[in-house]
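Next come the structures, one after another.
The two complexes that follow have chain A in common; it is paired with chain B in the first and with chain C in the second.
Moving on, here comes the complex of A and B:
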């Protein structure tokens, strides 16, 4: 039986209405009636369809490609290879915001099974598919490596013979570092005297952990549609960062940003997997060659081959005092980044930052390397390098608690940083109260009571330095009838931005919610926003909207002063009191333009100054507890109870915060228990489909207690900060810790499949 | 041109006479020919439920159900759930419980739940879970969906 219960713990001041209210989602009617439009639903007149030929080989040289039979099929408009694109001279074949290592189509070599080799444009999708199958490619197979150890071993094939140029936006300051040709990027997090930390330690724990190659499974597959008109390019696409895609694609085609338009309608799931550029350059290139608008919709099986999450092998060593205090931690994280860099250099940076947790640690020595292998490229995925490190890190905290005879919650209490205290030098102090969050989870789990036989409870916590670049702008146009249109670059990916941003505008202008409309994610029409990711939108775009509302009010104060030769102008809800008379926004606009027309345009911006100067702009903490049951006969783990704390500062819309926390936790639950992309040593993906890659289903759900903690401690409006990832990061570790207490086994490789659990139980019994 | 087969079917109560190719699925017919893009294609192999529509009241996967097999039958899609602009109790319950985020699974989820409630107007929680087991939602963690279906069942019982 499943059950859901929510609790709210609030110590912040009361914000203006409708902030803090669970107003219904503004995309609700569209989404329950089938009216909501996604990129997959978009068509334009004259549109042709594209399909992609993919490599069956994980690593091979392309000797030749014969497209003649494909071109001869009726209904085929264009068949395109990398050679065709290079021959044009007006396309840069390689793209990539971190490293420009990714060719639009394979350039003489394929680096993973499933890599795009050729594109076909035809009058209909089936013809395009049949033509793609008619292309003959002569491959010369090369040695294959699929795992990180192999890629760094002697005799490993070199996956990128030429070193790629750094991209236009890496998301971190230092240059890309490589100490081996198969290293895509290295990140280091080092301070204190690590040798001294280990020499005098009471307890030193060492272990090796593995986290799976994963797939976000956004249910809307990667798809886009491109149209060239009047020297410019328009791309409709299912993406999180329309402005980043605009910038990337404009580099490919040498276009001025003004001539490049990206439109992201409702996005059918992202979870990080639709951050940055995917198939947009290919779609646009095919449209350019074909001279027609082109639509390319990948299948889910192809989407799995387009972007997955980084798997990890982690070697970790932590030194403790007798009282459980951490003296130092050393770790080597190897991320399986696949064939192309995508956003993995930043994932590596964040994984190195996040493995130490929200703890006061005197010495750290962490190296994380993103490793090229002959597997599908890995990139951003919700949690962003955190879960890979939280599983080992939080497992060792529990292991130390057990060895030292300290309660798992108590040992964390002795180590967590206090509010305002920075876990490492030169970063913002923690804007969260984890001592209090631990108490909330302990209470919800009834931690002190004795669980039933074969049941046990476990907890884990995490802290992520939000990768939220404080770079956003927003416009608010207040019309002569007093209603307002806000334009923002944040995409509605399901997180609820369309609702939350409207609530913010209504509150800041003091007008009714139904008088606010939003225009989102059309780079030709809305104000610049860097991205929709890293849990940033509510915090960063919220501040930009607040700033835009302030700017609009300031202009109208001037206008009111001029129009009515006012002596006193006072703030009021929905307008100003001008010499004792309430004048609404619309009235001020109309009076200024001397008629029933005109508008005021408020401009807002956020950048790395003032409150948002110090990075990270906020911390996203996670605090998760579970109760599990282990079936020793089958090795099946059942999670009976799940508790999360959404430590979000101020919940602009509590129902949406609950949604994010539960959804995030269940995604972590999938990665902990069932989800793993399995490659053979020969480079074949064995389960690249949704039958064999098993994501959680309704019958898997535990009882759930979702707690929202609002202490007004974030940098965002009314003390808000980001959510939606924190409750994913500790889930695998919390389950592993509970399983240890239930069955006496320490699980070090996720997912914790029945086979792995059963095996561990046999090893436990053999050692007795 | 490939051969076509003449079929007659009703979609959300509206009669259609169409000539369709034998390999066209009901999801493609609805989306590409009739402009009803509510049903979504995701896994394309009958396991995720995003393309679920009702044929003579039975929930089927539109991605694998051939359009010609709908000849002489009544097809219902998410676009037909609201009547005269009034949401069905199930649709309203989905909004009340925020039983969706990205919304891509929602049309299929609603149709599966509609079929469930037509067959079993007051299901237990376990029966609701069984009824939507064939529909994947990657955003919500299902619990709000289960609660929404139970609320709709209760609303139906009160009418």
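Moving on, here comes the complex of A and C:
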């Protein structure tokens, strides 16, 4: 059994119960026993099954598609191609919230191996599968490019000949610049005098780093079910952002938002990979053509071909003073975005913002371009552009420390921004104390002591400007018995929102936790929420719930005043003291409606005003330390000890915070050590399955010290702010820094596979 | 998806052959299904009938009932059953250690030794070790029973000497002689080994008198490498001894001439290097066991 230790460092005021208590997950028993319902479990009467035919070619023109044999199979209801959808006139074939570049089914051209070419609807899944295999497609192969250097080369095939329209989601105007046809978007982060920073520098470090194309591996694959009834569309789906999917799909079918309903039951893992729209337009289109409710469940192998994480090539240059202070940083980040934009323009924006780290840097010159290639489309992935830049950025901080003879923790102390200090102009000051976090990690790692031979310790830190628009609403209905139902658009994706939000409602109303129920993620039934991502929900939706509770209390204060002609009404737990008598919420509701019935509806909202006006609404910092062992014979790196700091302001549920931090860090192990989608130059994915794409598992778990730092410095309720990504971002850099100290090699290409380590060791020995 | 097939579930060896005869040959045996069902899911194989062997009692059980107390492992014994078997632990501890690290726990609980050998995956752990152990398999068909040495049984990647209608009913491993040690070491980065080495050494009067070395996941099939093994002959049976160090260096050089195949775990050069590392570790472990059996 691996040793796990939790430490809590708390300087915030004590919040009301049950805030700060590790109450058991509300969905825990259901999930462990299999009783929990996911989208995959949903059925409706008359439902048919769909399967997808995928392209074996990474880049090809489709000469013709012959569906006759497939259509002739008994049990087949419909066989659908892009031509069929275009011929209808009531479907917009292309979707995409950032760029509308993604056809529901390949439109005359396939841009990656695995792209959906045709859909089949049949009475059962196996018949649909067999029919899909019976479709004959005549392809004309085109030149293929799988890497970013190749895609920007002079002879590169152009992946999107027509420039796509901007999607409905605003905020990308400045970033959609195409200085090459294969550039999907460009993000720039520039200030200060970068030339001067390098000219007078004591030390200038330059390097090229690589981060892998990755897969988030949610245990529940992409799946959805669509039903058209009474002129409206209902989609059950495994998605993080039901409202964003609603908006996207409504554009595809020209539907009023009121006629478009998206329901996300429990989501079996997201990690960003289920942000925005995936297979919902296809499922709905197939249901429309078939005239039947349709269910489409992808395999994990198909899910890998649906969305992955952006790989990166980063060229970085940092200038230092002799005392280790950073003078300036320049970087060119190229993200391998794959065949379609998906959410990569925003990933590019965030990657450009996050490569500089939580440091006081006088001059920055960062360009990040998202590049189209003939690979599966990349999109949001936990960390969101941060780890791609933190690996190079934090590697160079350590490199400078070594060259300048400064301790790695000390050099960070000399550069890190103070609480309240903004790392670049026009953003919120840092709402975290990284000096203190560094001390916590140093202590937990026993930094000052000498490790065993072949062992060494490393650290890295990061800061992410949370990409969370402060746009959320919530409703709280307090019933006549004093219990309450809250409706929110936050999806339960395994992060624990069903538990945390209930804790918030219970605390804000002063009622028992078992008197609170939640309805989540049904766009026809719950209050609007923008998204479940960017570590935003506890902070932003928590504020909306607090506002809804306030609104309910204000109404009931009026009601109590009216009903009892009160002279004094005082705040109390679970109700008001009205002229000296405690009146519970239920009693006030019943008295107002003059009977044993009625309810009060509290409305809460958060928008870009007041405390949440300045972006980002919060910073998510990361501070990670590791101790590693390097087997110089086999090249294997083993992480023996892991320390994370969950700098979350206020842990509403500490156990869930710890789960998020540990989960994030272990996910970071993946890209640092084993995970990479490997494409041949011909565009074939060699390990598009979960056997050969190696994600970390329980047996990889090191000794773990999880520190939760609660300083009440977040914008959220009781000083809370987001967590769950911060402890992923520095992991690869921390491991690389530790390996440098253990074996004298500097690893610049993640994952740090045994062969890459072995090669670096050979280079080290050859240089001796 | 797994294509449609009929399922037969015989409860005896005779019933299994009857089930086969009822199919016109468009059939496959299966036990754990950890390999064959994957291949069918990938669309690379399909059979009209799958004959499930899990209920056939003649394929179960582990005993020391062979000649001279040889270890006899039934064809449908799972990896996990071998891992926890006391007879195997005493007689062939290297196999217990190997089985504890085959693939993952789900495969170990479901997959069988017989199925593993019949599938003849080039990365097979047991095939590599059993080669060095001079094991043999018992094949039974309508026409009778025959025993085939492992190195004759594995004829190519995913190919064996077994006829389609024959069953692998048992794996037989000779018992260790005095002064003999057997060991298996692998480098494993994913589910399957990156490279593995099996070794059997016999020590007489303090020197290595007999040596057998096998390599797996390196070339297209698990194979014996006699010239590598020969390098150890005459060396002192002591890892600290100079002659042992020279023998190991010579063996590694000879490994370096193998026509290794690169894969997701590494280039041919790296895999040859790894094989050398594993050879050293396996030889050391085998010498320890040999000393215990002196």
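Methods note: the second predicted complex is superposed on the first by the 762 of 768 C-alpha atoms of A that agree within 3 Å, B and C clash if a C-alpha of one lies under 4 Å from a C-alpha of the other, contacts with A are read in each partner's own complex, and residues count from 1 in each chain.
In the analysis below, a contact is a pair of C-beta atoms (placed from the backbone, for glycine too) under 8 Å apart; a residue touches a chain by one contact, two chains touch by 3 or more.
Keep in mind that this is a model prediction, so the values were computed, not measured.
Look at A:129: by the touch rule set out above, it reaches chain C but stays clear of chain B.
When the two complexes are overlaid on their common chain A, residue A:704 makes contact with chain B while staying clear of chain C. Comparing chain B with chain C, the partner in contact with more residues of chain A is B.
After overlaying the two complexes on the shared chain, residue contacts for A:754 are found with chain C alone; chain B is out of touch. Of the two partner chains placed around the shared chain by superposition, chain C is the only one that A:687 touches, whereas chain B remains out of contact.
In the superposed pair of complexes, A:63 makes contact with neither chain B nor chain C. Within the superposed three-chain model, A:678 lies in touch with chain C and out of touch with chain B [touch as defined at top]. Judged by the touch definition given at the top, the superposed model places A:633 against chain C, while chain B stays out of reach.
Of the two partner chains placed around the shared chain by superposition, neither chain B nor chain C is touched by A:190.
Shared contact residues of chain A, touching chain B in one structure and chain C in the other: 126, 691, 697.
Of all the residues in chain A, the ones that touch chain B in their complex are 1-2, 4, 24-25, 27-38, 40-41, 126, 216-221, 266-271, 299-301, 493-496, 655-656, 658-659, 662-663, 665-667, 689-691, 695-699, 701, 704. By the touch rule above, chain C contacts chain A in their complex via residues 1, 3-4, 38, 43, 104, 187, 189-191, 194, 264-267, 270, 273-274, 277. Across the complex, chain B meets chain A through its residues 23, 31, 36-45, 47-48, 50, 77-79, 81-82, 87, 91, 94-96, 98, 100-107, 110, 125-126, 129-130, 132-133, 135-136, 138-147. Of all the residues in chain A, the ones that touch chain C in their complex are 125-126, 129-130, 133, 633-636, 674, 678, 686-687, 691-692, 694, 697, 753-755, 758-759.
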